[in-house]
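Each of the next two complexes has chain A plus one other chain: chain B in the first, chain C in the second.
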Partner chain A sequence: MKDVNIIPLFVIIPLLTAFLIALLGKTIKNFSEKIIVASSSLLLAFSLYSQILLRHTPLKTLVYNVGGWLPPFGISMVLDGLSSFMLIVVNLIAFFVAVYSLSYMEKYTDKPKFFTLFALMVSGLNGVIVTGDIFNLFVFLEIASIASYALVAFGTQAEELEASFKYTIMGTVASSFIFLGIVFLYGFASTLNMAHMASVLNSKLSIWLLPFVSVLFLAGFSLKAAMVPFHGWLPDAHSSAPASISAMLSGVLIKTLGIYAMMRIFFNVLGITQAQLSILMFLGSLSIITGAILAFSQWDFKRLLAYSTISQVGYIVLGLGLGTPLGIFGALFHLFNHSVFKSLLFLNSGAVDYAASTRDLRETGGLNKVMPVTTKTNFIASMSISGIPPFSGFFSKLIIIFACIQKGHIGYGLCAVIGSILTLIYFMKLQKFVFLGELKDKFKQIAEVPYLMRFSMICLAAICILAGFLLLPALRPFLDRASDVLLGGTNYAAAVMGAALR
Partner chain B sequence: MSLYILCMILFCIGIYGVLRKRNLVKIIIGLAIMGYSINLFLVLLGYRFHGRAAIEAETQDILSMVDPLPQAMALTSIVISLGILALVISIAIRIYEKYGTFDITKIKRLKG
Partner chain C sequence: MSLIVKTITRLIVGLVLLFGIYIVLHGHLSPGGGFSGGVIVALSFVLMMLAFGEDVAVAKISRNLASNLESIGALMFLFIAILGFLGGSFFLNILSTGTPFKLFSAGTIILSNISIGIKVGIGLFAIFLALVILEKTKRER
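Right, the complex of A and B next:
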């Protein structure tokens, strides 16, 4: 098999899985469970293999031309350092969430439908990551979004429907802004291929188009990534969805649809300017502080985690907005860490909900006596997200704060430090009210969750502890290759064109 | 040029509907109008005066053709918005079953 033929498989495998489950899931017993685990482990293996492929590729870029049409005429799929990094993040979390859902989704009625939508969402996410065509990016973004709108409403209780409606409206408005931006870019550059578009925009100057399109994209992707003025839908959607879906939404969906797509378009296609970087920094630090303060007063386990997501995504955006090599490196490292520990925390909330049937912090307490695995993994994730050494979150936050100080933005660095302290405080509150203290009588009988759920939580906790080793020189290329793509800016065009014609 | 401005006004009407209306169905209509205005804008971008469809014919010389790519994109976008509208209308019907109203000021069990 030629190397580049691996790229379309990231979209084909989950699409095929969704199709097969929809077709045969009802008739063959346990079919959906088997095939979803098989396909997500296959995807994880392929995404790890893509790292090895990139190491042996001279330009660090692989391009697959769909149907054999060379760019700029055909659709191209691009695998470079950043795509490979994001593929690993998405498929790692998707694999563990799929394994977790096998047990967790027992309490919902229709497992095959759930896994169909889940596989569709994964295919949309992978499609957004590997595509090199800006209209294709919009289509995959909509596939992932529609699947997630339906998954938020999966329980069809009143609250879930309300959250899903809100999420759908906001998500669709965001998509409309993004699509309008794409239409304007097409009207100006007369091309849809992102690499070709970057080179056209470089040579054909315009004073009004780029700022206008940037505002449209910024509004659209900020809505998708739930940065603070645009965050209204996130706490409802993430706290009402089934826990495994909250883990996917918080862990990878808002990062892929919001942050990855924004990075790709702003850094690689439009070519980022200082004004845009300043806006990103401001939005990032606003999100850090506002998210942390709002998380503080929550009494619902998942709602607290949802506000915490807003705050942590702020760190990633702040790091990106710095625009320095250290800042971008820290942002990508925090993206990886956050997707691991936030999905672990949501899986923990699902475990508490599964065993104790409540998410209200005022009702729970003392669960460490009956649920030891959940307690320990939750402790690791909480310490990691609050930035306690030697857990992974410490290193990424430290790098972002260093980058702020190195660039001379002491105020933003201070915001990051305060946000981290607030994070520690509200996770202490979580620990105290859920796991420590008196065990209430009605919870004496509950047992630890089934072994598949424990397996996912333990593996993610192990990654939380070990992720600090990604900074070692032997493993650093994993992050370095991703940040090189962003630092290269519009050199993306030359790299993709060179790789496509080879 | 005035056609493009009219498209943008249509887009703004859609946003107004989403932002200001209290009824779930009217919000959905606002969303639909936003989608239509973008599709219209896209097709207008590809239009050329006295242009014809981009199909080669042996007997005649083609002087100006419309751009076929926006038409394909508009079709894709129409299908996507059809999917979203079907989903969001079915959610609205389920909400009506649970809450007994379409008024968003009365649908507020989630807060905090």
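Right, the complex of A and C next:
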């Protein structure tokens, strides 16, 4: 039972960090910086260790019973292939963003408060991922959301407050939908444990419940994941936040709260139907095209990236909606890749903002002469997101397009191809207006950003290049274990119950 | 505020505070608990602030003390949960549960209620204080 003890640590460590910083951050100099780096590297190490742990577990599922209470009665925490995969994504990005923020947040006044909120957000995200209890999932979802509402408003300028307000309203509407869905499920199944709920729903049939609850969850999670008819809040919120937070929001927050929670509930608890899959496919391809077209005409660096997020999340949802092994594998691979290169792009925008104090594409130009590291990492990320061969984005998009054709959805495959071409076009626009061209006089004196910011950007760029190796047979189990959980569907119930009673 | 409000407040504020503390300490035996008791405790301070102005309330609990106590409440709760590891599991009730319906029973539940009471009471007070200060600075401008 010893190994299982790492599961609650994913929640304990960031919570402890958050409140210690709130208590001591102001009195002890540099306390918040030290402890945030320590805790996020510890979390990264634990999440990598969870992979090793799963490899040696026969059932591929580990369950932690909180307070020693067995599943149908107590709260359980579940670590399976999908949770472990998401933990690595979240904690990897959180670590690099934390290191980047050490220098970047110098422009803002209150570092301890920032790191408190940041750690709370990470604890919410980790909690959503490891929990096996549907109400606990809602609570952690709210912790992460509320911390992110405050972080979006961190600059306290008029537009940031407006964006945060809009985000708060839309986020609360989404949470209410999700909450209502949970209420109905609880009323019907009389249990909150997700595994137990799945087995109850399997044996006790209802004509109206599942379609009704699915619509509620679909609306709620689509709002959280900003799929196209529900995307109105995202460009404002993601472009107004401090760049490191935009990287967290775009990179992992909408994927954990939106896509991961949706996958978990639809695939593992409710058991997904063809109708829901078709809706997901349609929403996904709509997001791909609409997001790309909207991104096209943006002149604000971060707004362009925010619209691009909508488009790229569409790929993930399209891949999930296919429901085939290849589609889900591609979707998860794209989820990993997108979180890496989109965070890198947002960190680049932060670096440009830090050095040149502007995000307007019409004002910048020729920055490759003064900011070589930012230029090169940005080039790698842009090529990766547009799907140019040696970089990671190419493989995941290719797998999704293959999966579309394999399932016979040529139209959706075509959407994915067109979306990829549009992505290439607007990232070329970004390259041309920010990094290439004539260097303006007022930017002659600016220097490259501090080394901590460079460190994060270079590491993320390296992951962009190397992520293609995840397809090698030696590393494939990382993604395979995650997609097996989704493909297993409601077998989740048996796996969790089996692992808990052991 | 008028004399009537001030007099009545002076009479009942102690009782409200005491009732809040009772709800916190009796949370494991009767309806209520850390959250509701904490709210009542905060309300006694809010009442004082409304009747006598925020200076009187701030003299009792300053802003720094409020924010520190809030973090301490949260940390206490977390430490009680972590203490469960001594018995083998997160959130495990490691203390003796005693006889049911006695005040000192239910192990760590009463301690958790106290820490939630601190966190919620002080947190609500701090939110109200922040709103008051915001309104004051707006009026001064």
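Heads up, the rule we're going with is that the second predicted complex is superposed on the first by the 501 of 502 C-alpha atoms of A that agree within 3 Å, B and C clash if a C-alpha of one lies under 4 Å from a C-alpha of the other, contacts with A are read in each partner's own complex, and residues count from 1 in each chain.
Basically, a contact is a pair of C-beta atoms (placed from the backbone, for glycine too) under 8 Å apart; a residue touches a chain by one contact, two chains touch by 3 or more.
Quick caveat: nothing in here was measured; it's all calculated off a predicted structure.
After superposition on chain A, the partners chain B and chain C are accommodated together without colliding. In the superposed model, A:Gly437 makes contact with neither chain B nor chain C. Using the contact criterion defined above for the overlaid structures, shared-chain residue A:Ile12 touches chain C, although it does not reach chain B. Within the superposed three-chain model, A:Pro325 lies out of touch with both chain B and chain C [touch as defined at top]. Contact comparison for chain A: of chain B and chain C, B touches the greater number of residues. By the touch criterion stated above, A:Gly68 is placed in contact with chain C alone, chain B being left untouched.
Touch criterion not met for A:Gly271: it reaches neither chain B nor chain C. Of the two partner chains placed around the shared chain by superposition, neither chain B nor chain C is touched by A:Pro450. Of the two partner chains placed around the shared chain by superposition, chain B is the only one that A:Asp300 touches, whereas chain C remains out of contact. Aligning the two complexes via chain A yields an angle of 40° at the C-alpha centre of chain A, spanning the centres of chain B and chain C, rounded to a multiple of 10. In the superposition on chain A, contact is made by A:Leu20 with chain C only, not with chain B. Shortest separation of chain B and chain C in the overlay equals 7 Å (C-alpha atoms, whole Å). In the superposition on chain A, the residues of chain A contacted by chain B and by chain C do not overlap at all.
On chain A, the positions that touch chain C within their shared complex are 1, 5, 8, 12, 15-16, 19-20, 22-23, 64-68. The touching residues of chain B, when paired with chain A in their complex, are 11, 14-15, 18, 24, 27, 31, 34-35, 38, 41-42, 45, 69-70, 73, 76-77, 80, 83-84, 87-88, 91-92, 94-95, 98-99, 107-110, 112.
The touching residues of chain C, counted against chain A in their complex, run 67-68, 70-72, 74-75, 78, 81-82, 84-85, 87-93. On chain A, the positions that touch chain B within their shared complex are 135, 139, 142, 146, 149-150, 153, 156-159, 161-165, 168-169, 172-173, 176, 179-180, 183, 186-187, 192, 235-236, 239-240, 297-300, 303.
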